[in-house]
Amino acid sequence: MMKWLHTMASSAWFYRFSGKMIPWLMGIFGVLFLVGLYGGLVAAPADYQQGDAFRIIYIHVPAAWMSLFIYIVMAVYGFIALVWRIKLAEVLLISSAPIGAAFTFLALVTGSLWGKPMWGTWWSWDARLTSELLLLFLYWGVIGLYAAIEDKRTASRAVSILTLIGVVNIPIIHYSVEWWNTLHQGSSVTLTDKPSMATEMLIPLLVMATAFKVYYAISLLIRTRAELVEREPNSKWLKQVIEENNHE
Amino acid sequence: MSEFLYMGGYAFHVWTSYALAFVVLLINILGPSLRHKKKLQRACDIQQLNEIQSNDT
Amino acid sequence: MILQAKNITCLRGHRQLFTDLSFTVNSGEVLLVEGENGSGKSTLLRIVSGLRRPDAGEVVWNEQAITAIAADYSQQMVWVSHRNGINDSLTAKENIQLSISLSKSAVLNINQILERVGLKGYANTPVRQFSAGMKRRLALSRLLTQQASLWILDEPQGALDKAGIELLDNLITEHVANNGMVIMSSHHDVQFNNLTVKTCRL
Amino acid sequence: MNKMTPFHDVYSLISSEFLVAFRHRYEALNPLLFFVLVCLLFPLGIGPSPQLLNTIAPGIIWAAALLAILMSLSNVFRTEYDDGRLELMVLANHSLVLLTTIKLLAHWCLNVLPLILLSPIIASALGMSFDVQITLILSLLLGTPVLLLVGTTVSTLTLVIPQNGMLLALLVLPLYVPVLIFGTSAVNATAAGMSAAGPLYVLAALCVLSLTLSPFAIVSAIKIGVSQ
């Protein structure tokens, strides 16, 4: 198994493999995204309570799911990088961080845009939004620590540990904010309990969620390729790649 | 069509969210691709530099 | 006792400090690592001491990889780096006691050790008042307190005066005489009379 | 000196650690004065009305204690790292977890315990009744080890970075939020006459969790710092 893991994780193999994969993933994402948009904006009936404002859910909820999903995936990369010292896992981890931060930011802004019609204020210390905000700081912490250490191999190991600490703290932060929210505000209608959704409302949501996951794969592969080229500029496999590009 | 754009009174909220989503998704693909091209170019220069040096020594 | 380095590779950023470096050190031998500044001497010694893992290759001590036997390998080895590893707020005597309890070695007469490294009578003075050379001598006292067979010294002559360098030579010659091993790096030339000195160029 | 038994080694390590701490005892004043000053800011900023101050007193004290600990964190292993003793600790014959625990114990007694002993004075200045202060001290006793352990782990990660003050705060504060929430809610519960058992038990659970997990994270963080 180790032999396979190391060949699979060799930068050369990954660079070529991702190069072939990206166009396909783009196609899949395009289809899914358009179907999701159509379903969310046109096909799904307006919500009886919130009217059309609820359509923001088709961006907010998938983005919120993605922000959590990416951090957990980063923790898995961190664990692999620490235990088996696979360089590719380190690169995947640090390439995922900006994407996760982008989704968290997106979830935050759309959350407050969605909250405005319901509560009349942009920010209402809702439990989910507050823990989403703290998750954003965790992402910025990961990116900040990586940028602060100049030797990239040491930086990756430090970031792997920080991500593992973060992933242990995410449930703790989430439940402490829930506790704090119910303690002080009582349970008004919060974003936590999504209204039970009719199926034709739910399907576009799942389609969008899958589209975002495919999107994550695309952005991750592009960022990883860029990072691999930056880390190993004068490696043999990169020479061949450049020669092939020159011939095209 | 204009009723669709009106979004039941929440046009601003809905369309800003979707526009922001579109921008964020775009940035996160264009940005890394440009960076990838830039890094490839830099690697190319480094390799040419190494070849020149190795020819001299 | 044999220490072998098997094709160690180490990268720093894009630069390859050294690739496929191999050497063997047997009892009673000195390995001198030479190279100009920034050539990776300290990094190599860090790898040999187990503080840093190489990017490729491995270090073997008596046919066992040091990563597998980290505990007893570090017990049979003394590490002196260009940083002295001395607590400024303790006195010389307390520093030596601390290094003894850190390495769990048998208790020796501390005044005798201080005398041996030329710090006679400074037992109770706080190290903060020591000169760089005196701090260096106190760092070298670790060579005496821990009866270890392998010495790894990273530029040991730093800040030492003429007498200090002579003291260091005596310590090394004596250690190698009763078949200890020394791996040291140094950027100015070092001559050991009648010692088998291997060199490794970076 | 008699032959050093194994236990004697550990004892001498602890005593030398506390000796060093004792020699730097004036340094212990820094977090203390910082704590008092931060607590002072809020009444000056918000106004002296006792009723208002009383409601926000737990939050003030906990936030001030948290910030004081954060300030004292950046040099937990900094002196060892700079003068090379961290390498000796890694290569020492004792397990690194033991050495770190001794170091953290000394740091807690020197920098954190004085805060807890002083907090009743500040609490009564902010108008907190006696039994609420008891819960405050209890919550601080349970919560500060978590702050110290999590904070030290992250501060050891940033050892290799020269000026890491701001970065350390950015990394650590989100992780401090749960302890702050449960700490203050324990004190508020007693102030409101309810039992503070719930939050205190959670704090105790967090304390045990960080006591078991953090030493290993600190050890691997030290090994990264040392390999530089």
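Here the chain labels run A, B, C and D in written order, and each chain numbers its own residues starting at 1.
By our rule, a contact is a pair of C-beta atoms (placed from the backbone, for glycine too) under 8 Å apart; a residue touches a chain by one contact, two chains touch by 3 or more.
Fair warning: this is a prediction, and the values are worked out from it, not measured in the lab.
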(request) Give the chain pair, either A-C or A-B, that is connected by more C-beta contacts. (result) A-B
(request) Give, as an integer number of Å, the spacing between the C-alpha centres of subunit C and subunit B. (result) 51
(message) For subunit A versus subunit B, what separation do you get between their C-alpha means, in angstrom?
(response) 16
(request) Please work out the Cα centroid separation of subunit A and subunit C, and write it as a whole number of Å. (result) 47
(message) Between subunit C and subunit D, what distance separates the C-alpha centroids? Give it in angstrom.
(response) 36
(message) Using the touch definition from the top, which residues of subunit D touch two or more other chains?
(response) 227
(message) Multi-chain contacts only, two chains or more: what residues does subunit B have there?
(response) 46
(request) Pull out every residue in subunit A that's touching 2 or more other chains. (result) 151, 233-234
(request) Go ahead and list every pair of chains that touch. (result) A-B, A-C, A-D, C-D
(message) Quick check: in the complex, which residue numbers of subunit D touch subunit C?
(response) 1-4, 6, 8-10, 12-13, 16, 19-20, 23-24, 82-85, 87-94, 226-227
(message) Which residues of subunit A touch subunit D once you look at their complex with the stated criterion?
(response) 82, 134, 137-138, 140-141, 144-145, 148-149, 151, 154, 157-158, 161-162, 164-166, 168-169, 172-173, 175-177, 179-180, 183
(request) Enumerate the contact residues on subunit C facing subunit A in the complex. (result) 11-14, 53, 55
(request) Under the touch definition given earlier, write down the residues of subunit A that touch subunit C in their complex. (result) 85, 150-153, 231-234
(message) Residue numbers of subunit A touching subunit B in their complex, please.
(response) 37, 41-42, 46, 51-53, 55-56, 59-60, 63, 98-99, 102-103, 105-106, 109-110, 113-114, 116-117, 215, 218-219, 222-223, 225-226, 229-230, 233-234, 238-239, 242, 245
